[in-house]
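Each of the next two complexes has chain A plus one more chain, namely chain B in the first and chain C in the second.
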Partner chain A sequence: MQTIATIRIANSALYLNGQQMFAHEAENAEVFFKALYQYLKLEYPKFFKMDSLSKLGFLAVDALVQHTAEIKSYADDEIAVVFGNYASSLDTDQKYWNGVAAAEPVASPALFVYTLPNIVQGEIAIRHKWYGENMFLVLDRNNKTAVNNSAALLLETGKAKACVAGWVDYLNGAYEAEVALVRKPEE
Partner chain B sequence: MAKVWIGAENIVSPLGLTAADNYAACLQNHSGIAAHEGIGLNGETLYVSRMKDVPSELPNTTSRILQMLYASVKDALRQTSLQLKNNKRVALILSTTKGDIEALEQGSLEGAALSKLVEDLSKLIGHEGEVNVLSNACISGAAAIILAHDMVQTKRADHVIVTGADVVSRFTLTGFQSLHAISHEAARPFCKTRKGVSLGEAAGTVVVSNDNSIFNGEAFDLLGGSTSNDANHISGPSRTGEGLYRAITKTLNRAGVSTADIDFISAHGTGTLYNDDMESVAFNRAGLKDTPLNSFKGYFGHTLGAAGVLEVALCMQTLRNNTMLKNMGMVEAGTVEQVNVLTEHISAPVKTILKTASGFGGCNAALLIQNNNA
Partner chain C sequence: MDNLNEQLKAQIIAALNMEGLSPADINDDALLFGDGLGLDSIDALELIVMLEQQYKIKIANPEEGQKIFKSINSLADFIRSKQA
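This part shows the complex of A and B:
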């Protein structure tokens, strides 16, 4: 499997292939995500309705698309999106549950729709009009390689020509995204 | 690439503790869905398929979902000669959306971690190979079986135990209520007057393998499948059925199976207006409008992450018994495009089955199983 480019978002900074592109010390993740949104010059109002996990994955993939011309050469169903994380959607799950468990119970539909980890893949598919394969794995933090193994499988079976694959994890303000564009090595 | 077999199915649900018992209960027109008082957000009565007695082979401090998963996997393994000890070539994939969400309701984030659930299960059954959790909303089960197929086909694993489960919890019930997606009667998928989803709880298991001889009973060909995204909306189905249409056509093309070869479709059929209409459009576009189909959700409710595994297990029972089960609860056909929904159980030779699923996040899945045992 050949890696074309890697985007990493962690510690209030954005990295392309290991090199820091942008840093912004912010008091919390949401403020940093907004700064990153501005740095990437995005105009996508729906972004502000997303939960934190979706914002994180969305920003990572947008940065990846901006920095890899190759990604535009694939047909709309040739790119797979394979993500993994530890915390699933637990961050939003807690927020939703706090409403239901309150003295005056409130069930928020706007929160509930984000109580699934793969919603971020839906947001990315809508943004880039990608109709290809989707897979979301929830893994122990020491088992991140399973994400790449599963991406490799989709390339090997020919189900995808390229894959946006990586780790997108968010819980209680702590975040880490590392996503790469990968493809089969040229023969 | 290795040939891939599927066998040793189990279902743990309100209708029974084995796949055969569950299938027999459906054949007798039983449904697990019933009215439960006071379970809604503000104490409303809701219709759900909930287990009265969860299997309890494990200590009583064990979560309900783990008890169900353990009972399901143990029954599936009893139908094989698979040795788990010192065998790294057996993988275990759990498909679930919310796992032990009751732990979160009690304030334990670690307890609700999905990786913990699969690791606990792996230890309990004495499994030593790779573990994984697939969580793609309501296609999780179907997608996990597709992943298992690809792992065996490419020799990443020799055998994969695929097990799926979700429980009926206050979390999911109130959530579907908030989306106005819950039916105020037992769900009636594909019916003209359908009113929404009934949630259900179940665990289901199948074993996927490169070796037919590990199965005590007959195993079937797993021809693989595909997933796709609608690229349209995170919680609303595509009006054109684009993603499902693509998942079906990719699956048929890859397997070299034509629409005429398909004897039966196990559709997703949640019972919401938009979902069932979307499926009818996709099946029409794929040239499958006359193929007999059902949704099993009138019997079991929507079991979320378990649904794909549960429904494939029922498809395997359909192959064993050559009887297709009717779509429970339908009074009058009424989807935007016409499809051939089964209104009676039909006994006929069944060789090839298409299973489909669609879920939040715009994801879709399709897979094929085939009986080539003479």
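This part shows the complex of A and C:
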């Protein structure tokens, strides 16, 4: 499997292939995500309605698309998206639970729709009009090998020509995303 | 200036995370869904929750929703009718 480009978002910074592209010291993750949204010159109002996990994955993939010309050469059903993380959608699950368990319960529909981790892939698919395979793995901490193995399997079996694969994890303000465009090596 | 209309605009912006919009950007008669403010079905559910929380008003018949949530004016009229 050949890696074409990698985007990493961690510690209030964005990295492309290991090189820092943007940094913004912010008091919390949401403020940093908004600054990154502005840096990437995005105009997508739906972004602000997403939960934090979806914002993180959305930003990482948008940065990857902006900096990787090759990604646009694939048909909309040739790109797979495989993500993994440790915390699943627990951050949003907790927020939703806090609402329904409150003295005056509130069951927010806008929060409820994000109580699955693979919703981030739906947001990305809608944004980029990708209709290929997708998979979200909830794994042991830092088990990124399983994500790479799954991406490799999709490429080897011809289910996809390219894959956006990586780690997208968010819990209680702590975040890490590392996504890459990968494909089979040229023969 | 109608206080209820302005209050509703601020509450909708906050409840629906409408970043970059201010109450002044929302016309009292503009459509809230479709070509107007562009709200979607999840937003509609969130507005129903907001009505229950903020105004203690329940929409018993979902069919009413289309008329009630047509615009800020129609929403304000509905709230006033329930509070009268």
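Note that in this section the second predicted complex is superposed on the first by the 186 of 187 C-alpha atoms of A that agree within 3 Å, B and C clash if a C-alpha of one lies under 4 Å from a C-alpha of the other, contacts with A are read in each partner's own complex, and residues count from 1 in each chain.
Just so we're on the same page, a residue touches a chain if its C-beta (ideal position, glycine included) is under 8 Å from a C-beta of that chain, and two chains touch if they have at least 3 such contacts.
Since we're looking at a predicted model, the values are computed, not measured.
J.: Based on the superposition on chain A, does the combination of chain B and chain C result in a clash or a fit?
T.: fit
J.: Touching A:A107 in the superposition: chain B (first), chain C (second), both, neither?
T.: In the superposed model, A:A107 contacts both chain B and chain C.
J.: A:M135 in the overlay: touching chain B, chain C, both, or neither? Say first, second, both or neither.
T.: It touches chain B, and chain C stays clear.
J.: Counting only touches as set out at the top, which of chain B and chain C does A:Y86 meet: first, second, both, neither?
T.: A:Y86 contacts chain B only, not chain C.
J.: Return first, second, both or neither, reflecting whether A:I4 touches chain B, chain C, both chains, or no partner chain.
T.: neither
J.: One more residue to check, A:A26. First (chain B), second (chain C), both or neither?
T.: neither
J.: Should A:F48 be classified as contacting the first partner (chain B), the second (chain C), both, or neither?
T.: Second partner only.
J.: Going by the touch definition up top, name the partner, chain B or chain C, that contacts more of chain A.
T.: Of chain B and chain C, B contacts more residues of chain A.
J.: Just the number, please: smallest Cα separation between chain B and chain C in the overlaid arrangement, in Å.
T.: In the combined three-chain model, chain B comes within 7 Å of chain C at the C-alpha level.
J.: Is there a shared patch on chain A that both chain B and chain C touch, and which residues make it up?
T.: 107-109, 113
J.: Can you name the residues of chain B that touch chain A in the complex?
T.: For this pair, the touching residues of chain B are 41-42, 97-99, 101, 104-105, 109, 112-115, 119, 130, 132-137, 143, 147, 150-151, 153-154, 156, 170-171, 174-175, 177-179, 226-235, 242-243, 246, 250, 254, 359-363.
J.: Under the definition above, what is the set of chain A residues touching chain C in their complex?
T.: 34, 45, 47-49, 104, 106-110, 113
J.: Help me check something: in the complex, which residues belonging to chain A touch chain B?
T.: Against chain B, chain A makes touches at 76-77, 81, 86-88, 90, 93-94, 96-97, 100-101, 105, 107-109, 112-113, 115-123, 125-126, 128-140, 143, 146, 149-150, 153-154, 156-157, 159, 171.
J.: Touching residues of chain C toward chain A in the complex: what are they?
T.: On the chain C side, the touching residues are 16-20, 38, 42-43, 45-46, 49, 53.
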